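In the two assemblies presented below, chain A is common to both, partnered first by chain B and then by chain C.
On to the complex of A and B.
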């Protein structure tokens, strides 16, 4: 019985980290029509940012996460027009152009990280690293709990932001229909830049947690790109709630399969699941996607 | 104006990307003249991708050998000495890319022979290409027994296969500690080397009468938390893992965060690498593993002088202690040197000379290199593998790898059960 609860908890806690990636990824898709192939590399860069904060500035990177988020947000805000100009090229499919461009970007980031920082596996130590919470025989690693709590706070904060603020409403309007939103006086370009900045900030934060829980190296991003794709497709393209549900489901499936079926079958079962979702629920598990 | 600005920026970025990509490809593509007075040696290993760390461990070994040989004038054949020029190819930790790299090495770079990949997976993809073009290769790293079972004529290996070495730590635990472990859980990552390691652990555990509570092969990049939770419930005396340093690090971290502490962790390969010890600090202590070499051994060596001198040279060159893979790679070039001396073939080698070289590699026996004696098996299940070395059990103690078994050669007694991570 304890093992079932522990497995459930493990799944929920890793799902929390996936939520952080999925929320921004889905939003970027909804507003900008881009499927960012470089999502994993934003995770990797976030993890490296945390590592360098720890190594060069000697501070606990987890306490300085706002600095990392702001830096990444600002960098993305500056960079977004470049991406936009690629998407806007006439007579080309925006989604395809973005996919090709971000694919190149991901290769570039990975190559640059390998060249600049080398091949070593690195470790981030935070004040939560060695801590865990024990409740009735269930062990909750503190870092993962913190990541999940953050994911929940961010998601709620985001919902409030999208529903209660002017910018939030503008983002939702742009996500719904760009042309009409433009006619209503919403600056589509500015909304897109804001969204891209939020997305990069969130993903870098996920990177800080992932780097602390696992390890940091230039190649760590790829698997999270795969997970992000899984979450967004299973959740229904562009569906916010669907992505959150899919992120949790992804964590739970991975956790239960590795305990009760065998580690060898994790990916087989995950992608079999995705296959059936696409076959029978083409709008995602909650039926809210495109 | 704004639009033009961003287009310009886009152009600029693409130029930078293109420049980096071109620079990254490296190597010269100039066609080589018929005549050259140096040996062109291909190195295929993982310089990027998931195994970039280990790939660079092998690169260091090969590179230091070439640099040292060149400093001494080169490979001496008769009256004349020939410099060694290494041509690197990145297999990106991917067997397919490795096979492509081998093809390119042979057909466009026209290398004389090849120093082989870090991973067993890439080695098995490269080997058939070498059979086709008849170019000999020695891998100073790959340890999967599956390579040797296929009896590739042109592929050799310096490190004994893991089914010859992996059983040693369990033999030490079964025979040389106060109370023998009763149970074990075994995890292996799903690649040819790590899987073979897990199999070797399982076979050894069964032979020694240690009960196997769990045996699971998991995909690379798995989150180990759920698996460790399940293993914690089984409460084994030993957790044995076949994988590389990254997985071992993550398993130790996951175990600590879940409060799981077996009586000992047994891990292979990667606990001997500086990264493992540096990243985990005290938590890396008491982890047990298998090896065929440690920096404490002292062999005579024709190129470096001795094991000790090699270790010093490597420490100066790369700033960290070499491990057994790095050492084996540094010794690998010497086998080619000995075989070349035997057939007196000067570069560039033609097909007939390469055939002779393979034959010479089979016959050559070096009594002492910095890594130990080298002699390739010429028949049986370990065809072309250097099977002569004794396996050692090591345990990390205060950040150093200490030989704790077998009894005749141990430097310290094995610590078992080990103190929990929380009380160190």
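On to the complex of A and C.
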């Protein structure tokens, strides 16, 4: 019984981190109409940024998360027009080309990281590592709790921004229809750039947490790309509520499968599950997608 | 006479096929001007090119003294032009209130926005009743009202309306035309596209008739409404 509860708690906590990736990814998908296959590499690079901050600058990377977020946001803001120009190419299969482009990008990032840093595992130590809270026999690792609390705060902040501010509503409008948004005076390109920057910042932060909780290596990204793909599709493409629900579900599935079935089966079970979701709920688990 | 919009030899092509073959027309400040023509004549393409939704492949468009040919739609909107496109373009995942809010995106004058919001709710009480409802859940007619309301919210002095009466019940069509006249009376310039040529001509100052990408006739609306050719082709005979 205790194992079940512990597994459940672990799943919820890890799901919290996935939420951070899911909201940014969903918004980027909504605005740019592409699935960014490089999403996992942003996680990997975020984790490495934290590692190098610790190793070279000797600071606690968790305390310097705003620096990491800003750096990634700025880099993405500069880079986005390149990606956008691929998406905008006047070609019959422009969407496929953009997809292939992000795939190439992820291969490039992974290859570059492998070449530069080798494939050995590295660990990030933060002031929360090795700390834990015990409640009724359930162990709550402090880092995971912090990550989840953070994810929840950021997600709520993000939702308030999207729903209550003028810029946020404009972003949602552009996500639905850039042409019409343009007629309202909203610059769709600028929105796409801003959103991509926010997405990269959130994803790199998730990388900091993931790297601190597990470990850091150049190959870690691929797994999170698959997870992000699961979350948008299971959540119903473009639906925030759906993506958040799917992220939590993902955390639970991953946690239960690794405890009761074996870590090697996570993807098999995950995508089998996705298959049935698509079969029976084509609009996502909450029925709110496209 | 102060010209708001001046279009010269405008050409538009879709994948090599010319939808507009070099049309010229103008709209003066305070006018309601209507474009009339059969399906596929190029009326919507004209409005789309003017608002920057699509790029002109030839010719020039001047709006309030600015050459806007080739400018992005958001920049043209910023100059005070609001285009209510064919098919309304309501944001289905935004509430009615949010749709109206997005309409006023380019404005900073809180007071003016509030006042225009009241005006819209006065003109369309149904929108007020449904302000928390998602745009996608409105009926076709209500969406049309929302699209027009959003144009009012933009504070633009020039409106391009593409078939605002489409899909509306006859009684509401009357309302829409009187609202257009009202908007015009309080100072807005209107370029209108209508299937409902009779009503449109009654509401307008001048009109242009389009046929397969060309303007074939132009003149004062009250003269055109009595022109035998126009009557036969566009006003249903008699």
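By definition in this document, the second predicted complex is superposed on the first by the 273 of 290 C-alpha atoms of A that agree within 3 Å, B and C clash if a C-alpha of one lies under 4 Å from a C-alpha of the other, contacts with A are read in each partner's own complex, and residues count from 1 in each chain.
As a convention for this text, contacts are C-beta pairs under 8 Å (C-beta built on N, C-alpha and C of every residue); 3 or more make two chains touch, one makes a residue touch a chain.
As the structure is a computational prediction, the values presented were derived from the model and not from experiment.
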* Looking at the overlay, does A:55 come into contact with chain B only (first), chain C only (second), both, or neither? -> neither
* Taking the superposition as given, does A:263 touch the first partner, chain B, the second, chain C, both, or neither? -> first
* To do: Would you sort A:81 into first (chain B), second (chain C), both or neither based on which partner it touches?
  => first
* With the two complexes superposed on chain A, say which partner A:93 touches: chain B (first), chain C (second), both, or neither. => neither
* Winner by number of chain A residues touched, once chain B and chain C are compared -> B
* Asked: Looking at the overlay, does A:282 come into contact with chain B only (first), chain C only (second), both, or neither?
  -> neither
* Asked: Which of the two partners, first being chain B and second being chain C, lies in contact with A:165: first, second, both, or neither?
  -> neither
* Asked: After superposition on the shared chain, which partner residues are touched by A:186: those of chain B (first), chain C (second), both, or neither?
  -> second
* Asked: Counting only touches as set out at the top, which of chain B and chain C does A:130 meet: first, second, both, neither?
  -> first
* Structure fact -> After superposition on chain A, the chain A residues reached by both chain B and chain C are none
* Asked: Which of the residues in chain A come into contact with chain C in the complex?
  -> 166, 169-170, 172-173, 176-177, 179-188
* Interfacial residue positions of chain B with respect to chain A in the complex -> 2-3, 5-7, 9-10, 13-14, 17, 20-21, 24, 47-50, 52-53, 55-56, 93, 187, 190, 216-219, 221-223, 225-227, 229-230, 233, 245-246, 249-250, 253-254, 256-259, 275, 279-280, 422
* To do: Spell out the residues on chain A that touch chain B in their complex, using ranges where they run on.
  => 2-3, 6-7, 10-11, 13-14, 81-82, 84-86, 104, 107-108, 110-112, 114-115, 118-123, 129-132, 134, 139, 141-144, 213-215, 217-219, 223, 254-256, 258-259, 262-264, 266-267
* Asked: Inside the complex, what are the residues of chain C that reach chain A?
  -> 51-53, 72-74, 77-78, 82-83, 85, 89, 91-94, 98, 101-103, 105-106, 150, 154
